[in-house]
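Should a chain be cited, it is by its letter among A, B, C and D, assigned in written order, with residues numbered from 1 in that chain.
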Amino acid sequence: MSGNTIGRLFSVTTYGESHGPALGAIVDGCPPGMELCEADIQVDLDRRRPGRSRHTSQRKEADQVRILSGVFEGVTTGTPIGLMIENTDQRPRDYSAIKDKFRPGHADFSYQQKYGIRDYRGGGRASARETAMRVAGGAIARKCLSERTGITIFGYVAQLGPIRLECPNPEIINDNPFFCGDPARLKELESFMDELRLAGDSIGARINVCARGVPPGLGEPVFDKLEAVIAHALMSINAVKGVEFGAGFAAVEQRGSEHRDEIAPGGFLKNDAGGTLGGISSGQDLLVSIAMKPTSSIRKKGATVTRGGAATEISTGGRHDPCVGLRATPIAEAMLAITLMDHYLRDRAQCGDVDRQAAAGARPAAAARTARG
Amino acid sequence: MSGNTIGRLFSVTTYGESHGPALGAIVDGCPPGMELCEADIQVDLDRRRPGRSRHTSQRKEADQVRILSGVFEGVTTGTPIGLMIENTDQRPRDYSAIKDKFRPGHADFSYQQKYGIRDYRGGGRASARETAMRVAGGAIARKCLSERTGITIFGYVAQLGPIRLECPNPEIINDNPFFCGDPARLKELESFMDELRLAGDSIGARINVCARGVPPGLGEPVFDKLEAVIAHALMSINAVKGVEFGAGFAAVEQRGSEHRDEIAPGGFLKNDAGGTLGGISSGQDLLVSIAMKPTSSIRKKGATVTRGGAATEISTGGRHDPCVGLRATPIAEAMLAITLMDHYLRDRAQCGDVDRQAAAGARPAAAARTARG
Amino acid sequence: MSGNTIGRLFSVTTYGESHGPALGAIVDGCPPGMELCEADIQVDLDRRRPGRSRHTSQRKEADQVRILSGVFEGVTTGTPIGLMIENTDQRPRDYSAIKDKFRPGHADFSYQQKYGIRDYRGGGRASARETAMRVAGGAIARKCLSERTGITIFGYVAQLGPIRLECPNPEIINDNPFFCGDPARLKELESFMDELRLAGDSIGARINVCARGVPPGLGEPVFDKLEAVIAHALMSINAVKGVEFGAGFAAVEQRGSEHRDEIAPGGFLKNDAGGTLGGISSGQDLLVSIAMKPTSSIRKKGATVTRGGAATEISTGGRHDPCVGLRATPIAEAMLAITLMDHYLRDRAQCGDVDRQAAAGARPAAAARTARG
Amino acid sequence: MSGNTIGRLFSVTTYGESHGPALGAIVDGCPPGMELCEADIQVDLDRRRPGRSRHTSQRKEADQVRILSGVFEGVTTGTPIGLMIENTDQRPRDYSAIKDKFRPGHADFSYQQKYGIRDYRGGGRASARETAMRVAGGAIARKCLSERTGITIFGYVAQLGPIRLECPNPEIINDNPFFCGDPARLKELESFMDELRLAGDSIGARINVCARGVPPGLGEPVFDKLEAVIAHALMSINAVKGVEFGAGFAAVEQRGSEHRDEIAPGGFLKNDAGGTLGGISSGQDLLVSIAMKPTSSIRKKGATVTRGGAATEISTGGRHDPCVGLRATPIAEAMLAITLMDHYLRDRAQCGDVDRQAAAGARPAAAARTARG
């Protein structure tokens, strides 16, 4: 209830502060009988890991995950999966510069208000370091989804500040530090980031995430529409300021005759809906896009107040990402995977014996539903 | 779990189909001791009600709400509040035109896939008629929030298709059929809608919603960040395709030095964050904006398939809103109210004895926290 | 969260006071495609109904249930099922005798303390009248369980005050006002109850409930053991003071060699466990027993205090059951049905693709698992 | 949802198998500002720890708990508290004797059925070792309850097989291996247990648990009655077969004039209710009693079947408790503490601003309500 759990049937509960001894998670509800080892999780953690290029935080963390339960002889048993990553790069630091000041754009002020106390070391629980456990939980969800439903998920950076990016070549996304799918633009991105770092400033980004092979029928029609729970999951990532599906905000200027996706015997004719109808997956690709604000921790000085309310200035040095959006792609993918996994189980619970083939008659080919297990 | 409940501590569970005998809700968790009568709820229902102008659906529903429990001698008792609205305008109709076709942009196809059966009369559960009970539950939340925290909530249409609208005069919002806060633009809106109706088409809209007087401290820091749960609530409204907070998608192009809201002894210097920091309310206004797609039910013909998979065409006559966004303002306000009420109680549960005055020292004036009761 | 909902996947949320306009429920999560009409529910409501013999409350209520949603053309659609019963026998009464006194054994004092207000008319929400909606929800669960898993549920009065009762003849349980399965004891029960009524007193009872045909695998191993969730459900019924499974409290004096149920190729050799092992159903009959306290509303005078704290006396006339246990059998059955239905869906969600036949090899015949649908 | 979490607002989620690398828990929802260190938790873990006398399992575990998050400078911050105990006594063993047999009275058969796989090493997740984390979570709840409400909780063994025990001297409960409150009976218990061990058998037990200083108003009136949620929590402990409150099963033979607790200006005249009225705490002591079955792991041979379904025999050697009830006292206390802590927060959420003094007038002294913080 204090918001450290996501998912109802497939759930991930996390703990951990930026400079505490460890980060951890309990992944509950994973179906039994799936092969799982630490390497399955590590691959996604490594994609999120800081310090992989000069364009992200220079914090050095191996982010080595341990599975502490729920797996026996290499196979999930249906009992909760305990995960842990020890924090290794907890530098002894002098926090006097931020201990008694509220950093603009950070959670310092609001945590202090809510709890009357805050762990100011590296942002404590509000640090993006918390997202490591999202990625770990997401890796398990992703593997399960892939094996049981055929769903695959991928994301990429669609905009970095003023630079808009297509994704002509998804294969290269994980081979460059920008999660960019267009090899022709990498140089431009490098230059932009280098200038930004020199300026001591940061920049926003847009991430697109896509789930392919989603069977029709996932999502609950009223308050838990599929896009509502996905928006919840994605908006819960640090720094996200907006979420849109399919045509998204562009739908404001569309006419109905333009927006609605017509249907032919071979399937939907386009996908402005973004993969859902009435809150339930239609079998089309799920298309989601998020806006990420620029990092608030920058070298450039900013005005703020002390805990005592006096005017002061702050400049944040240290190991910060100049664009939090850059490492957000695996996090967004993870949140989408957790949400879809949860709804795959929720749908199976209530509707597991619906004969979809019979019910839908000769349904549009594009929406052919994969088995629900 | 089938998604007909929203809220954890202050929760609203609804039932009802467009052409069933009644719509209903159970509002659970309302604090005891609050004066409440049907008129308190009716005022918001009347704002959402169809048929109030030629620009909305001509369905005639009194939407008269009855309180069936939870109130004794005019005061809430802390027990669940049962609400009901009888459907009065259930015209006997010939549904053969839509019974065996999937209307593009509608939930027909996905419901049929998920459940193997669908109530095709007027869209069944997927009808926007379902939102009446959101508004009823929201009215109770809004009253409680107002009396116990001083929070006030209002929304307005910020864009209607290509027409962008400011809100210089919030007082007039409820006095015109467009929920528009700019009296100088009403004529333009009327003309636009009249032309649209003649064309047998529909249009998208953008709604802005604002909560004022929100005490700092609401929201949970990780998966249930305040903006995440609000995004969930708003994205669950029929036809919403996007949600953004504060600068929203504009943050993609902002630099950190531009986006972060600096703080002075008198308070925050601006509000690009939209009222939260680290997922917790900061005391600033909550600023949310949603994109609504154009109505899919239009007279213009569209291609689709039959349940048997054969190509066909469909044209939807009847009593439909040419802009679902027009009646969405009270619905969005209601969802925001329910969410804030829930988090007001959640915060009180865990942090009800935090001495915020002491903790925050001389906190910025703009964020002065009202009593938590 | 205020405790008016039971079940996670198959859930029943209720509202209503003894003397309010109506009682209602929302049954959410029911699988689609099941035939359902009001008569399916009415049959169980009629078993619970007051006024059927001189041995129960003389309140006259038809308890006629209406289905307001979730059923289309006689079949469940997967959307929430709204139910309502109008209260018809709300006699205008003079409540001055109990308005300002706390009836011993009643919720008057604790409600007043918790909420600062209470609906004193007929006990308000604390009235056993609330259980009508449990029975209504249970009837839906029972039908679904029966059709999809073959589970059948029945209960009977196993002790009435000092009179212990076997159940040699389950067929007669519903044909006598005592829910007694032994025709030879009916006279004795009649005499006992007649004397009790004359004495202006009341008596406790024990109810046994049994579920047959429960497939192995239901229940979650740690905090939501099947017996834990069943205990929760049964202990939530008004007046229940104890719950036990299988050998129950007799296990305190048993040795391990005596208690444990040995297994032979043909199945378990006995059932002291009561149908679960490690919190998970074993395929044996679920055997549960509950203790019900005597009605607190009796003609015999008792000492109490006024709201002002002054000593006074109270004697409760009116239409009360001299043994609440007598009408509790259908309520206990309903709670067991709701819980099993919920866990049937929970098991299907996580383990729906476990090949139980293969996994268990030639499993004991008695535990042969029925299909999970 | 897979049942590894208990509590809604104050929640404990656990993981861990008997012979896995570690046990762990995430305690979420703890109010901020409470002093907490590992020693606060260790004291209760040490009471539950095996190997403290010859009468319990000889497994050697230090059960040393580590706090991994949620505490900063010795004070809770309101963020989730990660806990971990490493398993140190994982003896390499030969499991061939139990790998392919279902031990009678154990979860072997039901786990195999449910999941199609089981971790047979030491019972895996079904081992009582899992309860260590209940005790750890309970220690945090207990400290918080004590400091904020004055509630104190204690339990004792009230019956060991045929030996019924009073508790004239609660101070000695933790000083003897029997959690017995009567020093005159210790010899008798020792002899009984020594004989039992020689016989290679085990015995059941009854544990009484009491919470003192419970403020009136805790518990939710319908499905989450205080006794229902406590029954849930206690019945979820391994080996518990029954739960009763106050008079419990004895109420079956009571008359209403005998059972109901009359009230005088000085308070309730007795406590057959066991501390609740209508599911809500009355301010009297909460009195709960549980039945624990005898350990199923005994040296005495028993009949069973192999996974292949063939008849066989089994005798369990090794390090087992001859009376699981003996170490259950701290576990039962922990579960009661977690439940009360959860409901303390739930009550504060909804009713935190009820003026109980004013509402109840000069309420009975025995029920004087302590501050809700």
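General observations
Going forward, a contact is a pair of C-beta atoms (placed from the backbone, for glycine too) under 8 Å apart; a residue touches a chain by one contact, two chains touch by 3 or more.
Since we're looking at a predicted model, the values are computed, not measured.
When every chain is reduced to the mean of its CA atoms, the largest separation from subunit D belongs to B. Between the Cα centres of subunit A and subunit D there is a gap of 38 Å. Subunit C and subunit D have Cα centroids separated by 25 Å. For the pair subunit A and subunit C, the distance between mean C-alpha positions equals 44 Å. Along subunit D, residues 1-2, 4-5, 8-9, 14, 29, 32-33, 78-79, 114-117, 125, 221, 346, 349-351, 354 each make contact with two or more other chains. Chain contact topology: the protein chains form a complete graph, every chain touching every other one.
Every residue of subunit D that touches subunit B in the complex is listed here, in rising order: 8-9, 29-33, 78-79, 148, 221, 345-346, 348-354, 372-373.
Residues 1-6, 8-9, 14, 102, 104-117, 125-126, 130, 159, 161-162, 196, 201-206, 216-217, 219-225, 227-229, 231-233, 235-236, 238, 240-265, 269, 273-274, 276-283, 291-298, 300, 302-311, 346-347, 349-351, 354-356, 358-364, 367, 369 of subunit C touch subunit D in their complex. Across the complex, subunit C is touched by residues 1-2, 4-5, 8-9, 11, 13-17, 20-24, 26, 28-29, 32-33, 66, 68-70, 72, 75, 77-82, 84, 114-119, 121, 124-125 of subunit B.
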